[in-house]
Every structure is written in structure tokens, then in C-alpha cells.
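Take a look at the structures listed below.
Next, two complexes with subunit A in common: one pairs it with subunit B, the other with subunit C.
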Partner chain A sequence: MPTASLVCEGFRGQAATTAAGLGLPGLPTALVPGHVDVQTVDELRQNVAAVTVDAVIKNLTETIARAGHAVAEPAPADIVFEGDFDEVNRFFYENDWSDGLPIVPPTPERVASFLRWSDRPGETELGVLLPDQRRATVWNVAVNGVMAGCRPEYMPILIALVEAMADPRYGVEHSGNTPGAETLIILNGPLIKELGFNFEQGALRDGVHANTTIGRFWRLYLRNVAGFLHHRTDKGTFGNTWRVVLAENEDALRRIGWSTIAQDEGVSDANAVTISRFTGGGVIASVFGNTPDSMLPYLADSIVRKVGWELMFTVGMGAGSQRPLLLLSPILAETLAKAGLDKAALKQRLFELCRIPAWQFERYVGAWTNLVPGRPTLHALAKDGVIPPVFAESDDPERLVPIVCRAEDLMVAVSGDPLRTNAYAFAHNGILGFPTTKPIRLPAEWSRMLREARSQ
Partner chain B sequence: MIGPDGREVYRVVWPRGGKTVQAADVAPRLSSLEGKVIGQLWDDLFRGDEIFPILEEELQRRFPTVRFVRYDTFGSTHGRDEQRVLAELPGRLRQYEVDAVISGMAC
Partner chain C sequence: MLPAGQRASGEWIDDTLRARAEEKGLLPRTPLAGQFPRQRVEVVRAADPTAEVNRLFRLRGWTDGLPIVPPTLGRIDAMIGGGALDRHAVLGEMEPLGGVASVEKIAASAVMAGCQPDHFPVVLASIQAILEPEFNLRGVQTTDENVAPLLIVNGPAARRLGINAGWGALGPGWTANAAIGRAVRLVMNNVGGGWPGAVSFAGLGQPGRYSLCLAEREDDTPWPPLHVELGYRPEQSTVTVMRAETVINVTGGLEELASVIGSAASLFGMLWSGKATVILSPFTARRLASEGRTRADVRRELYARGRLPAETWRRSWIHATVRASDWPDWVRAAAESGSIPAVREPDDLTLVVAGADLPIPQHVYCPSWGHPPSRVTREIVAPYPGAPRG
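Up next is the complex of A and B:
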């Protein structure tokens, strides 16, 4: 069926590369000049009438050149280049296959050493990734793992990460959206200690091999297999550097009887990864107090302050998909637990405290951002069943409303310096990177292989 | 391996994955918009609710017999109901005898 796709000026490049990725390189687009959100009603009308209408007519009625022949691409095991370390790095960078840091050359021998750490053959398909519609396989997981500087024994984690990336619930296709959110990987299970992940002081800092290289792997894989590239499919206005893996402090969790993030997300396997995209976050320093009543108002206030336009994921597009994350240092978690709070009770208390006036909420998603069509009131959305009744308990614009739909939408993790009273709040990207947890499958001979690898 | 000049030489493989779709031609275009039915698809973002009425008005002026099926008939193509809306789309387009589609907003 003939189509015309309305594309603002800044998105023409992304439209072209995405269309090619989807197999329709000739897909026509109709330009909407500039960015519509900064135009007056008259300017918008003039631009659409003068430029867009003609383009729409052309899109729908004029013959479009044929797609042409696809360029042949290498087979997985093909040697694509031979050279020394610098030459390989230059070749990969010039082909957009590298992030700019030196890569470890992915030789067949190194790739094979990674494949040993999975019981699944290299050609096993883990999913198909948008926007390039490329096949994610155990083989190309190994290739990108080598390049990122990972160790072979990280393979089970890398595979689980790609399974999560390919899960439609996560929404990898949104990874190039303009707010430039970055994925946080959270690791749970005995692998944290077996592979030497940092889960204490500096938990979010680069510098520990496993945390750092697996974080880098994530973005290399997004680049090389999903196909997210600067100035093309990645439209992050500012973007972020990739995050290192966050490993939870499971010793602390066990001591206080709290569940892990993976368990909270419904995966009870011994080892698991959870991925979620966060638009940003910030530290909550020097939490003072020894009771929930003295500590929680400050924590709740900080969570609220990190969330602004992201409230559209509470009430607008993907309503109910807003999942902020509170990261507590062990001493804070232990203090709250000592006062009798389990995780569910903590989330309920935070749900009651993380509130803002209804008029302010409506301003974030209406007057200031125009992110909910028609700028409906919270009352109207609650009446239509889009959001729970808690958003419309009175007509008072000063009434306090929550920032998420349910207490369980708040996520709580424990890591970082065990003896500092600091926390960290992450603002979430809603449906565009929804929390997704996958179990990590170890090879049958895991224990023996790890023992042997350690002895070498 | 070591090259003839004593440098260590690496033979390296491709880091990407095979494409799962082949490039295809887009559908044949219409000879004119006169008498045709145009479906509107919107992702509920970036002033589509203002832009589609302008397009309607201007296209109607140039092609008086063109008709439109509005975006709210189909539902939002982005967000909570995205997968359902897209799955239902072929049937809905047939149901409303749509000849062509205008889709927005990429912004």
C-alpha cells in the first residue's frame, strides 16, 4: 500500500537508515520542516501547507526507484581483514564496528575460546534485533565479547544479556530515542563472586574487569548487531557513556532477608541479569537517621526530583511502565530492615511518599512537554481507566498524586560502599527499555571449566 | 600469527549478524488521490493532532473527492497498545477500504 511517512527535519537520516534496515530502502518520507514543538500554530500551518502537503502527494503518487540489489555481506566465519593490532583497530573503527577505544582483535581462535563456555552451538539464534533486523547468535555474542575485552567465562552472562535485549518486552528498537537513556545491567547470583564482580565501594565506577568489559560489550552489541550508530539510527540528543554492570550485594540482602532484583522481577534462577534503560540519575548523599520515618522522606524527595517528563510513562504512552530504581547502600538497607521493613513494605512507604501536586504532574506531561495528546487531566485519565483511581481522589489541584501507578513499580537494589549512608535514584525510560530479567544458563561443566581457567 | 616482517598479524572475523530481510520494492503508487481513501496513522506525539487536520484540509482542497479515515480509528502506533494496533492494522485497513496511508510523527 502506498505510504507517506511524516518526518521532521532532524530525523531524515534516521528514517532512511531505519527504512533500509527494515528492507524498504525506497520508503518515501514527507518532510516536516524544523521541529514542530517550537513552532507557533501559524508557523506549523505554513510549513505543513508549503512543504509537507506537496511531499505527501509525491510520496503517494510518483513512481519510486526500485530497491536494487543487496550488497553481499560476510558469512560469520569469513576473515574480513588481516593486519597488525593498529591496522585491525583502524579497520574496525572506519567500518563503524568499534566504539573508538581499542578492541581486542576477534580472531577465530579467540572466538572459539569463548564458544567453549556455552553448551549451545555458535549458530544458535537468540533473536532478531531492530532496527537493522540482524540475527543475534551465540557466535556474534562471542565476537563482540572478544572485542570488548571480556574473558571467555563471561559468555553465559553475555548470552543472557542478548536474550534480554531481544525480548520484545524490553523494546531494543527504542534504544536510539532522543532522550539518550542508557541501559543499566544488574547482575544477581553466585556468579558475582565466582567471576570477581565489584559489588561494594565504587559499584558503578569503571575499573573492575568483569563489571567494565561486560558494560562495554552491551553497547558494542547494540552498535554491531542491532545497528545503533551516531547520526543515523542513534538519535540521543546528548547520550550517555555505557554503564558498568551493577552487581547486587547479596551478602547484605541475605542478612536482612530481602529479595534480589531478579527475584522481584519474577526470576528465581540462581543467576540472572536484569536490564532496564534509565534516562539519568543522581546520588542521594548523607542520608541521616535511624528509622524509616527519618530516612524515607529524603529518599522519596530525591526520587521525585529525578523524575520529570518521564511521568509520561506513568500516564501517557505506555501508561504504567514507569519503573524508577532506588539503589541503597547496604548500611541504609540494613537500617531500614532493622526497623522491620521488608522490600514490599519499603516500596509501599515510598509509594505513599513519592508524591507531587496534581497541577505539577499535569504540567510535566502537558504544558511543558506536550507528551500526552489532548493534555487530559489526571481526573480524565483515571475516569477512562488509563491510570488508577489514586490519581483522582479529589478535585483539588493541590492534592498529592504518586509518580508511579503501583508500589511494586518502584525498584530497589542494594550495592555500593557497605558503610556509607548514600543512595542513588535512577529515572526510568518506561516502555522504551522496560525492565527485563533473564536467567543465566551455565554450561554443564561450568565448575570444572572455571576451576581449570583459574588454575591457568 | 607472525607476519613476514616480524609483526604479529591478526586474521579477524565480522562482528555483525546476518540480515533477516532482503531489500524489497515499495508498493506501486496511485495515479491520483481523487476518489481515494487515505488512512491516518499517528503515534500520539509531536502535534500530529494539529498536523493531520492541516493535511486533510489542503489535500481536500486539491483533490475534492479524497476521503480520510482518522488516526483515532486505528489507535496509537506507539506505546502501550503498539503491538496490538500494528497486528490489527492490515485487517483494519481492509475493513475501511483504505488505498494509501499517511503515518506520523517522526520527530
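Up next is the complex of A and C:
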């Protein structure tokens, strides 16, 4: 809204200062010459007519030159500190640049060695990240990759991850919200084997270099570039540790003819990362049986049990954005496939089984949490066309309703100990971390470079 | 650790301060204003690190001109341990530049000021008080008047910390009085941005802007102490913060005090119905009490007798510039009767007993400044006994 603030000559500095303090830098002001206290009415009238009125008109009619976000920071190649390993680590930690574990000092040499693994120059902008509105660049990807302990050849994956983070569809700005959900990175493609990712026993546990360090990189990047810090921009009530990268068992997928997560999300490139934010999850131990009929009720029951208040992403905020993930060990996937289920058929069966009474659903998003304003019934929402008709097949409160809007909203991945009949279910954070898949672009000389790196 | 203020949106207030200092030709005082690494912690390596920190901080505009204690992380941790608040707790955004007054930033200035960790709860309570909207810190920091916060400490904390209430309580020589008041000033300077000449337009300033802090002499006060009068229990500790335009010494009795209150009345104080402060000598307090007078009686008497002749008011420069209708009703009504009291009502005189117990008694009168009427009291909360330190 155009404004003009009248300011006596001696108070211009105060006005500029106060405006900045009030969050209005560059607030237009109109000068009143001298000080009104010592002017006669005639003098004042003269001064206002000669100077102030013009300034007021300018204030009200010209474009305001908004001062930009003036946070001075070191330039990319600045040396911010010199010292030994322990000193660097203390310095980085005390300045909130580290997660508390030792970091690898991001020296110019190490950063350069990472930059070689991308065909794009360091200054290439990958996006602008909230809340700090800092530019994500190939350069600062390399710096955080070094710090996280990554190997230089992980760079193409790190860059794809940051492209996904910067995609508005994902919603990185919600990364500090109070439920404190954590991102899961799912990797697909030949890179899984080329870079030695674990996709078998202990797939979600730290201990394998590529899975672990890239998972750590994600959190460091959220901290150092997006700007999520404890007690400040991060409001996660509890939060939890970052997750290691989940690599799918693509050998198993190929054997049973199932698509990968990346393909399910519409990306057919050879290598891709998928990020999605999950509020929590838990193991489904000892799935017993050898037919879908014997196995699926248990799996569906476990998925349902993980989802409570998250149902608000099915019917409330970002309706239809709830995307639970079922992670199957290869032996479970193979058993289901042997019975003739492809992924789409599996999802359809689960969609029919993952159901709860309408009154219970309404309690999660209504009486217990007040998360959906006005506490409308599912019946009313479906009648208004806000959610699909499947939620209103009758108005009996005992009727069973699904926990997602469509069968394809369920995600299914395959990884973990190949021969153990366990699964894992994740509840999803909906629109506050929506699944986002990005292809991984490799440098032109990838094969040669990788060969040389391995022979070193 | 860097004591400089950072706004919630991330900007460092020093960029604005540098621009203001430059406009006012004040960069020779702070040639390194705004020139520091934009981070929480900086490593200073030098043959004499303390001297180097002092040089850098002075040239960056972060001191009151006197040497400071370098705010190392260890000292800051110890300081925070002296208070009862978490290091990340935010007491508010400090006017006029809106730096975030977190416990950690306040602790940095408290270390610099020479506070001991035991002093920190008083510093925190004082900062809470000046952040109250009623205190109008934006006005205090930017006005062309010379107002300073006057900190009056009551309760067991005053005795435990050795905050002087007796001989020379407003003078040099008392670590707690000097350091606590100085810490508040450094926070105002570093987090709020009240740099003299660049943001603070106080014409002359006053020595009270280094520190203005004392305790009430409760043991020699014949009446219940100030904080009890304000509704706190005797075993609670409080700091009461007043806006003091200046500090005027009065030697003599109630008559002399009333005379000074009348003649030294702040016309700005009258215009805004400000609350003034009277520090009464223990000798006089005892004598008045022995005559059966209460604290309230003394206030009423000073109110009745400490008056500005209406004619003086009419001839004043401010009377010529302010519209008649801008004066509050009580001033105009009193003027009709021939003289104007220094404050709107007796209760607007804050009466404190302090100073040496001399038979030639000395008192102080502090006229008020600005809008709105303000007297803010906050409880001093120390950590629970046995709380881990540092």
C-alpha cells in the first residue's frame, strides 16, 4: 500500500533506522525542512508547499525501492577459518554449521575434487531455498558433501537431491514443522551397484558409506543452506535422526517384473532419487503365509496403525496428498508376485484392506485433534466433492472408509534382507513433504572417471 | 561470541548502524562498524588476544568506550548457568533495530560488562522490564533527551549479590551496581542498536548511561520495602526499572527535596504524565517514620509541595510550541490553581530509601521522560538451588 511518512529534517536518520527495525526498510518518507517546533505557521506552510507536498506525491505514486534481503555472508571461495582438525570442528559446530558429529573440513582442494564430478560449474543455481532464501548452488552442494563425509563421485546424486529439495512440489519450507517428520531418500538405478549402496540386510541402518553419508548430507544441507536450526527455524517437537538412503533391490524387482519407485512416480531415467517426508514408521515382523489372502490383511493392518492424525492429509490440508509407503523384503514381494500380483494389483488390494470405520477416521481429524476445521463428516465432504465418493458409500458411521483417496496413493518399495519375511510401514506427511523424484544427471565422462577413481 | 544483534529475519543490525554512523560522520568512532564475520562465533588469534578483542569490539561499535571482558564461550556458558533461562530463550526483539534478545546474546554483553554469573538473573529481569511496551524502549533509545534506565533492586538477591544501597550506591566502586547496569546498556547498544549520535540522539547523554543501578536499603527502611509495596512478597527479589531523565542531588530535608522537585520538574514528564523517582536518605526516612508518617504520606507531601509555578510553565519554551489541548487535563487544571505538581498523582512518585545514613541527609530526584507513564517491576528468578552451573 502506498504510504508517505512526514519526517522533520533532523529525524531522517531515526526514521530510516526505525523503519528498518520495524521490518520496513526503504519506507518512503517526505521531508519537512527544519523543525516544525521553531517555525511560524507561515514558514511551515511555505516549507510544506515547497518541499513536503512534492515528496508526498512521489512517495504515493512511485515504485518503492525495496531493500533486498541484506544478510552478508562469506563468498563461496572465502577461507572462513584456518586451523587444525579439532579447531575446525569446534569452530564449525559453535557457528551452527555442523550436526555435532565431526565434519570433514571443506578445504578448497576437497571442494574442487567434488566439483569435477559435475559438468555444471560451481556457480550454477539449483534453486532458492526457504526459509533463509539462500541460493542452492553446485558449489555449496559440494561443500556440504565434503563436510558430510561423502565421496566426490556422489556429487550427481547430491545435486539431484538438492534439485528435488528445491522443487516447490516437495515443500522444503515445512521441514521445521512441529510433528518433526524426516525425509526418506529412495535411490533407483545402476548407481546403486556402481557406488556400492546397501540394498539388502540392514538397508535402513547406518554403516554403509554411500547410504550413510548421503543421508547425513541431506540434514547438513537443510541446516546450512535452507537454514533449519534447532530452537530457531526448526520447530519439530521431537524430530528424529536423519535416515540413511534407501536403495531399492532392483535385481528382485526385475525378477518379478515390478516397477521401481522412480518409475511409479513417472521418472523413467536410468538413475533417479525420490524424496518424501514421513512422520514415522515401524517394522512389520514375521509376515506369515504364502498367498495374498493370508499376507495382505496383516500388512494392511500395520499400514493403518501407523496412520492417525496424518489422515488430515487425506481429507484436510492438501486433501489427497497422504502417501504411505510399504517397504517389502524381496521374499515377501516375490511371494506376492508369484500369486500373480503386479504392483498396481497389490496397491488395489491394499487400498481395499486399509480401511477403518468412518467414525474412527472422523475422530482422528476432528474430535481428537481439531485438524480439519469445522469437523465436517466424511459423508458431507464427499457430497461436496472435496473427497472421492468412496468415503460416502453410505452415511452409516460404522462403514469402512479408506485411509488414502486412491489406490495409487500407496507407495510400495522393495529392499532389505532378501530372505526374511519382514516389512516396514511409513506414515506420510502429505503436502508437507510430497514425494518428489528427480533424474540423476551424470557427467559425460562418468564411466571413465569412475574407473579411474576405483583404481586409485 | 559475537554480541551483535541479528533480526529474526537474519539481517545483522550493524549494517543499518554503519549506514547511520556514516551519515552522521561518526565512522571515525567505529571505523569497523559492520565489518565482522557473520557468524555466531569468531576466533581471534593474537599475541595478546584480550587486547585484540578489545580493539576489534571497540572499533566495531560494541563497547561503551571502556575495556570489556572478551565474551568467550566458556564465560558465556558460565554466565547462562547463573540464570534460570535456557540459552535459546528469546526475551523479545529489541527496539529500535529489532535485534533478537536471546539469553545467549544477553549473556555475551553481560560477560563484556564484567558481570559475575550470579548477577545474570538481575540482568535478565532488567532486560525483560525494558522490553515491556510500557517502557517504550524505542523512544528511550532514539529520543533527543538524555533518559537512562534506572534499576532499583529489592529483596534477598540485592543483599546476596552485594548490590550497594548505602554509601556511594550511585557512584563508582561497587562491582554489582557497575556491571549489572553496564550490561543492560551494552545489550541496548549491541542488540537494540542504540548507538550514540547515530541512532540515539540524546543531546548530551548522562553518566547514568554507563550504569544506573542500586538496591533499596531495606534493613534501614522504616517502611515495607518498595517491592512489597508493589505487591511482591518480602522474600521475592525484584528489579524495578524507571526512566530517569537525569539524577539530581538534594541535600537537606523534605522541604529542600520538594523545592527541587518543583523547580526541576521535567516538562516532557508533565506533558506525558510520566512517573518520577525519589531516593530518600535513610536518616530522613527514619525521622519521618518516627513522626508517624508512612511512605504514602511522604509521597503525598512531596506531591503537594513540589510544585512548578503556573507562570513558569506558561513562560517555558515547550509551552510555546505545544498546543494547549495537548497538555493532559491534570496539568491544565493545576495551572488554573496557580501551580502544577511534578506528577499526575502522588503514586506516580516512586519512593526508594537508599544512600548513606548521614545526619546531613542526601536525596536524589530523577525526573521522568516520555510516553507512556512507566514503572516496570520484574521478579529476579535465580536457578533452583543446586542447579548445574555453566
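The rule we apply is simple: the second predicted complex is superposed on the first by the 385 of 456 C-alpha atoms of A that agree within 3 Å, B and C clash if a C-alpha of one lies under 4 Å from a C-alpha of the other, contacts with A are read in each partner's own complex, and residues count from 1 in each chain.
Assume a residue touches a chain if its C-beta (ideal position, glycine included) is under 8 Å from a C-beta of that chain, and two chains touch if they have at least 3 such contacts.
Everything numeric here is computed off the predicted structure, so don't read it as measured data.
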item	value
Touched partner set for A:Gly281, first subunit B, second subunit C, both or neither	neither
Partner chain in contact with A:Phe81 - subunit B first, subunit C second, else both or neither	both
Contacts of A:Pro439 with subunit B and subunit C, given as first, second, both or neither	neither
First (subunit B), second (subunit C), both or neither touched by A:Gly23	both
Contacts of A:Gly180 with subunit B and subunit C, given as first, second, both or neither	neither
Partner chain(s) touched by A:Glu94 [first = subunit B, second = subunit C, both, neither]	second
Which of subunit B and subunit C A:Thr137 touches, first, second, both or neither	first
Which of subunit B and subunit C A:Thr107 touches, first, second, both or neither	first
When both partners are placed on the shared chain, which of subunit B and subunit C touches more of subunit A	B
Touching partner for A:Pro330 - first (subunit B), second (subunit C), both, neither	neither
Intersection of the subunit A residues that touch subunit B with those that touch subunit C	10, 14, 20, 22-23, 25, 37, 69-70, 73-74, 80-81, 83, 132
For the subunit C and subunit A complex, residues of the former touching the latter	1, 7, 9-13, 15-16, 19-20, 23-24, 34, 37-41, 43, 73, 88, 95-98, 138, 142, 193, 198-199, 201, 321
Subunit B - residues contacting subunit A, complex	3, 7-33, 38, 44-51, 54-55, 58-59, 62, 76, 78-80, 83, 93, 98-107
List of subunit A residues in touch with subunit B within their complex	1-8, 10-11, 14-15, 20, 22-30, 32, 35-37, 41, 44-45, 48-49, 52-53, 56-57, 59-64, 66-70, 73-74, 76-85, 88, 92, 97, 105-108, 111, 128-129, 132-137, 140, 143-144, 147, 168, 220, 224-225, 316-321, 370-374, 431
Parts of subunit A lying in touch with subunit C, wherever the complex brings them together	10, 13-14, 16-18, 20-23, 25, 37-38, 69-74, 80-81, 83, 87, 91, 94-96, 132, 227, 230-232
